[in-house]
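The next part holds the structures, each set out as structure tokens.
What follows is chain A paired twice: with chain B in the first complex and chain C in the second.
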Partner chain A sequence: MLARAAWPSAMLAAAAACVGAFELAEPRFPRIDFVTGWVLLFLALFLTAYNLRKKVAVLPLLSARIWLRVHSWVGLLATVVFGLHLRWQIPRGPLEAILAALFAAVTLSGIAGWWLSIAIPRRLTGAGGEIPYERIPVVMRGLRERAEALVVAAIPESGATTLADFYSARLSPFFSGPSNFASHVLGSRRALNGLLSEIGELKRYLGPVEMSSSVELAALVREKDTLDLHRAMQLTLKGWLFIHIPLTYGMLAFAAAHVVVVYAFSGGAR
Partner chain B sequence: MSAIEVARLLRIAPFKDMDPANFPKSAQLQDILKNDARLRHFEAGEIIVREGDYGTSAFMVLSGSAEVVLSPGLPPRLVGRSEAKRRGIFRALAQLWSNSREQEVYRGVGARRGAVAGDPGSERGVVLQDVPRVLSGQRTATIEAGDVFGEIAALSRMPRTATILANAGGAEMLEIRWQGLRDLMRYAPQVRKFIDTIYRERALSTYLEELPFMRHLSTEAKRQLMDATQFETYGEYDWSGEYKQLMQSGSTASQEPTIAAEGDYPNGIVMVRAGFARVTQRYGRGHRTLNYLGSGSMYGFEEIAHNWRQPNNQVPLQYTLRVIGYTHVLVIPASVIESVVLPALPAALLPPLMGPAAGSRAPFAAEPESREAPSSLPPDVMEFVTKNRFYNGTEAMVIDMDRCTRCDDCVRACAATHDNNPRFLRHGPIHDNLMVAQACMHCTDPVCMIGCPTGAIHRETFHGNVVINPDSCIGCSACANHCPYGAIRMVEARDESGTIIVASDSKPINKATKCDLCIDQYGGPACERACPHDALKRMNLNTLKELADWIER
Partner chain C sequence: MNEGRAPTPDFDASRYERPNSKWVCGHSREGCPCRVGPSPSGQCRATTECSPRLVLQPGETKGTWACTRPAAWGGPCKTGPLPDGRCCREVAPCQPERSLRARRGLVTRAALASSVAALLFGLSGGNRDSFVNPRPLSRSHSGVEFARLEKGHAGGQGCTLCHTDSATGLAGLARSAARASRASLRPASLVSEHPKDLSRMDRSCLACHQHKAFHQADVAEATSCSVCHREHQGAGPMAAVASAACTNCHGDWRRMAASRKLSEALPAGLFAKADTPGFVHAAPRPRWGYTDLITSFAVDHPEFRVLRDKSPDLNTLKFNHRLHLSGGEVGTVGGHPLDCAYCHKADAAKAYMAPVTFEASCRACHALNFDPGNPAMTLPHGNVAFVRAYLRSLPLQYADFASRALGMNATQAAGFAREQVRSLLRRDGSGELLERSVFLSNGKEGPTPEEAGLKGGARSQVQGCALCHEVSWTASEGPKVTPPQTPERWLTLASFNHAAHSATACTECHAAAASDRTSDVLLPSQKTCARCHSEKGGARDSCTVCHTYHNEQPAALAKEPLASTP
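Let's turn to the complex of A and B:
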């Protein structure tokens, strides 16, 4: 418990120290914005270094677990420094406004990623049917083949095409590829329940052979739905980095431009 | 070994007394000597085996003599015992650009790190100077021509128990790989009898010393105990096939052979020497796993002590002890415990009397204490670990799926440090939120080593990790087939251009690959260091405490 409180406590203490130092120094150093700006840039570069750490797994640069902790808490500390740098006001220049917006987007996407990385693994574990992301298309294809074989086999045995027609109309799109991405991300089971309900409704028109096949078909639908859930959740977990990282590099590019512009129009920092 | 050397050996004892007719065509005596043995010459003071090292061979003194350092033992640094050399920081860094883009590029004999780290073939030849001074204050014993040593470590896949060095004048040794020794024991009865005898003489006293009550016994009492102790072995030495069959058939604890059964009269205490045994208790119509016992654990002492103290209120065995895989046990009869051990024990050291609630307690596991099943560990987790035989792993890769974001940073880190070929699969049996991934667990009992015809898969000398020497791996897949956990993968060797290397018969050359725990990298296993979410841990499942602590973190 104590160890868990250490990081937020340290961050709060560091944030308080930053604010205190700023309040003390501001009256004496009119150009303190240069200091906060450089500190902010340094923090941004340090935060970006976490991505580099992941690339150089061959070096003993502390564990990624420690890096992520530091990355998260220093990221939050950077928002305090960011506020001080902006003096808690919205910037008016277009370059500064874009830079501030990028900083906010990076921070928010980071917080979102943090939350996703805590919430989604539990959902995936709870759903069962663990599968590596790369294997999903293969398993999905296998499910489709099993479903189609089941439906086709029922035709000659039952002498009816009721189940096959239903499959073509309602289930073929479902089995042919990933489905219901948004439902899974939002945690809704409406799409699955809808399909299962339709299969249930269909039973009144089915003979014994098709009835038996429809039960198996419903099981395959559930299996496919779990697979879709894994795909959607794993894709979300992988995908947020494609927002966070490009935004970070965009922000760094604008920060570099900001430094150049500031020095060009300030007569140089002293 | 050359034909002349083999012929020479066949003229001396014990080989001259062996009946060649007892050996099958596939393992003729001369072939065993030719392929599994070699002659080695050690100069005076040269270390032959070192205490603590893992070895896979035994030695027979052909000429000269050797000195066994019994106690207190030589300091590891003095005998040159050190960890395998790691890559330099620049070599580690250079992997970023020097790694081939192709998987498992084979650069020729000796060029790969596996050949450096823990290669049994590398002759280190540490020679001690001023041996009399070094051995002053040490209790030693001399081994003469005809004696055999190193057989315990070789056959039990355990570390060497003593350092042995060549005496003045040097010594000529016959070194026999454990595979050869196993075959000799199988087909030459006198070798089996001889090994059994020296095992009783040398190893039993060491093993019995691990018992918590031994220090209270007199020399005579210890002798009585040793004489009465029986050896029993259960299960298959190579249990991987049996395990796979059981898993396919959906085995339950009740199908496993029983060493001692709940409700029976306690006839003796059972001490597990090698392998593992499952402790179960009746629950409903089945059997619930309460713990598993490994080397050094004891069973049945509480009941015997109780019955000795309260002869009018006798209790039967409270738990069943079952064989899982291969289990080697020592059994000390209850009569000896009652007449020799218990009277000598101070009252404070006697186990508590067994009350009506005894059956609901965690089973007595004796020493070491860490084997006590943590009360916080749910029974279903215990069953999961036992059923899948993960208790065998000293470095099992356990993943908390409630924390794992499936980012595969662990897989990428492994590939970055191993020729772009991740040496494990982030996939495996799952129970609740725990996954044990298909990564080499560096087992206590590495059955993968049993079938290797060249000894390419072996225990690294210092830590005992199981590693593969790619230079001597012939790609036969024996280890991969033997591994019960699917942790060894065969891959096609490639050249720098990515072309698959083929043998003279146009078949691709395969190599066995598996986790080597990043033995030559800084910082330990890259997979664990790469996990940002504290979801992956390499842990020793021989005992359950580490797992329980990790689950509760």
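Let's turn to the complex of A and C:
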């Protein structure tokens, strides 16, 4: 409990120190905005370094877990410095407004990613069926093959194609690839329940052999649904970086231009 | 523990995936990637599932081909290699796909390229001025009139009028930034309390605002214009100068100590205040200059110096405010009590009080009548010679009065004049005594006329010049009246606007009703001002409410060229 509170406490203390230091320094140091700007840029580069750290995983630079925590809390601290740098005002110049908007977008996407990185693993753990993202297509293919084999095997034994027809009509698209992405992201089980309900409705038309196969088929549907859940969640977990990282580099480009422009135009000014 | 959870799917955990690879097999989507995978450049390398190995038994020359498919991929196949040594299981070629990570890198590069493109577009050509402008300029430095001035002054260069580097292209911007980072914006200056300098941008300011660079000769370090005057704060009037701009120096003991040292060393002539209009109370400059530490008007602004030094009003005019404001017999005009505004009227600008004049404020009561029998006969005011000439021409003055005011003819007027003069001479004894009575009597003391049997110490009936003025008499020169000098300005280092204080009664600030001496200085104290001009009082307490930074540079000071730092 104490350890969990350490990071937020440290962040709050650092933020309070930043605000306090700014309030004390602002009347005395006319160029305090330059200082907050450089601190902000340093923080942004440090936060970006987390991405580089992941790329050079072999280097003994603390664990990725610690880096993630530092990245998250320092990112929040950067928003405080960002507010101080802007003096809590919305910039009106195009260059500064774009830069501020990029920073805000990076921050918000980061916070969203942080929340996802906490919420999704919990959900996946609750659902069970852990599997690496890259292996999902292979396992999915295996499930499809098992389902098809099950249905095909039931035909000669039962002498009926009711289950096979149902599979072709309703389950084949489900097993052939990833399904119900949006439902899984939104936490809805409606699609799964719909399929299971249809299988349940089908049972009245099945003989004993097909009935037995339908039970196994329902289990496979559940397994496939869990696989889809993993895929949707893991893809979401990876997908938010498609926003966060590109925006970060765009922001750094604008920040570099901002530094050059400020220095070129402020020579001699406050 | 695992109740309700799905079991972990059965998959080969020993197979090593390469998430960092840029390309993945095109068959991965179907769940059957090939074993080799694409080349680093994204080319499909699919051939066969294995490369059969020739196995030679001892004594055998031909040997047999063995399947080498790894166990992770199913192990040796049942069919085995073809007789010619080729693998029997060909892998269908695919179109490799970028990995998720590679796609993210692609999006990142695209975003970076887009940002750079947007920056190049914004920073180049005609877009730059509006693109980099952090906030609109004030109306002082924008609009049609400024454009006209700017065109005439600098040929319509836009931002370059102030930012001399803004027209030098992208490379020029970078060079300018680099120069600034080594000079005026060097790292140490960013955490300096006084990093300002007079630089190229200040040159731009002074090109139009000439003679605005000087504050005081004892300023230890020059201050950039932009320290106080903040541009690009939005349209409308330019942002007011914050008190912090002043207290940055005046609240810093080190700077004030440096100024004090300079002030004591420099000749006093360098600190002569530029001419203030009107007659001002002359307060000598302290030897150490104005170097008191001030952080806020209400907190530690020193008492106004004329009050702190208890400097008396040196005016020789005798005036008793209490007597005139008491509301008694003295303090009424036409039955109405006197008030401050009867004598003190605002000047044309309504900022200061116009000088009090005898004719407007005093004559109604102090008519300068010397002959109670003829109240309309009054002396001129303001010039001793005129008064003496008037008295020495009394027969003519009476005759003129008789003809103009009483409608007598010349003979009657001459007779009237003779009679009146005779009467006066009977009262005062002689013409010289009349003159002495007029100049030296103050209503209490002075030459005594002999009228009505008043002898010895009896009071004069004439309120002579000495009632209000300092008058001396010498045998050689006769009467001499010291001209009164009523200061129009007491606080010569500050400005004041009475009109802005019209909602406040005069007596709230000026304790005139309690003053009975001319030497009393009726200025309100600093604390009186701070009652309103403070955070608590609510009125503005900025330094610029009263003070102005810019002073005329004394000619004795050499015009030093501005330091030219980027």
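Note that in this section the second predicted complex is superposed on the first by the 262 of 270 C-alpha atoms of A that agree within 3 Å, B and C clash if a C-alpha of one lies under 4 Å from a C-alpha of the other, contacts with A are read in each partner's own complex, and residues count from 1 in each chain.
By definition in this document, a residue touches a chain if its C-beta (ideal position, glycine included) is under 8 Å from a C-beta of that chain, and two chains touch if they have at least 3 such contacts.
As the structure is a prediction and not an experimental result, all values here were calculated from the model.
S.K.: Identify the partner contact of A:Arg28: answer first if only chain B is touched, second if only chain C is, both if each is, neither if none is.
M.R.: After superposing on A, A:Arg28 lies in contact with chain C but is clear of chain B.
S.K.: Output check: A:Trp38 vs chain B and chain C. Expected answer is one of first, second, both, neither. What do you get?
M.R.: second
S.K.: Quick one: is A:Ala182 in contact with chain B, with chain C, with both, or with neither? Answer first, second, both or neither.
M.R.: It touches nothing on chain B or chain C.
S.K.: Once the shared chain is lined up, is A:Pro132 touching chain B (first), chain C (second), both, or neither of them?
M.R.: After superposition on chain A, A:Pro132 lies in contact with both partners, chain B and chain C.
S.K.: If we overlay the two complexes on their shared chain A, which of chain B and chain C does A:Ala64 touch? Say first, second, both or neither.
M.R.: Touch status of A:Ala64: first partner only.
S.K.: Tell me the contact category for A:Ile90 with respect to chain B and chain C: first, second, both or neither.
M.R.: Neither partner.
S.K.: Thinking of the overlay built on chain A, is A:Ala257 touched by chain B (first), by chain C (second), by both, or by neither?
M.R.: Only chain C; A:Ala257 stays clear of chain B.
S.K.: Now for A:Ala5: first (chain B), second (chain C), both, or neither, which partner does it touch?
M.R.: neither
S.K.: Output check: A:Lys238 vs chain B and chain C. Expected answer is one of first, second, both, neither. What do you get?
M.R.: The answer is both, since A:Lys238 touches chain B and chain C.
S.K.: Would you tell me the residues on chain A in contact with chain B in one complex that are also in contact with chain C in the other?
M.R.: Looking at chain A, the two contact sets intersect at 55, 130, 132-133, 238.
S.K.: Write out the stretch or stretches of chain A touching chain C in their complex.
M.R.: 27-31, 34-35, 38, 55, 91-96, 98, 126-135, 137-144, 177, 222-223, 226-227, 238, 241-242, 245-247, 249-251, 253-254, 257, 259-270
S.K.: Show which residues of chain A lie in contact with chain B when the two form their complex.
M.R.: These residues of chain A touch chain B: 54-60, 62-65, 67-68, 117, 120-122, 124-125, 130, 132-133, 234, 237-238.
S.K.: Which residues, counting only chain B, touch chain A once they are in their complex?
M.R.: Residue positions touching the partner: 89, 92-93, 95-96, 401-409, 412-413, 416-417, 426-427, 430, 432-433, 435, 521-523, 526, 528-535.
S.K.: Which of the residues in chain C end up touching chain A in this complex?
M.R.: Within the complex, chain C touches chain A at residues 2, 4-11, 17, 19-20, 28-33, 100, 103-104, 107-108, 110-112, 114-116, 118-119, 122-123, 130-136, 163, 165-166, 173-174, 176-181, 183-185, 189-202, 224, 226-227, 230, 234, 244, 247-248, 565-566.
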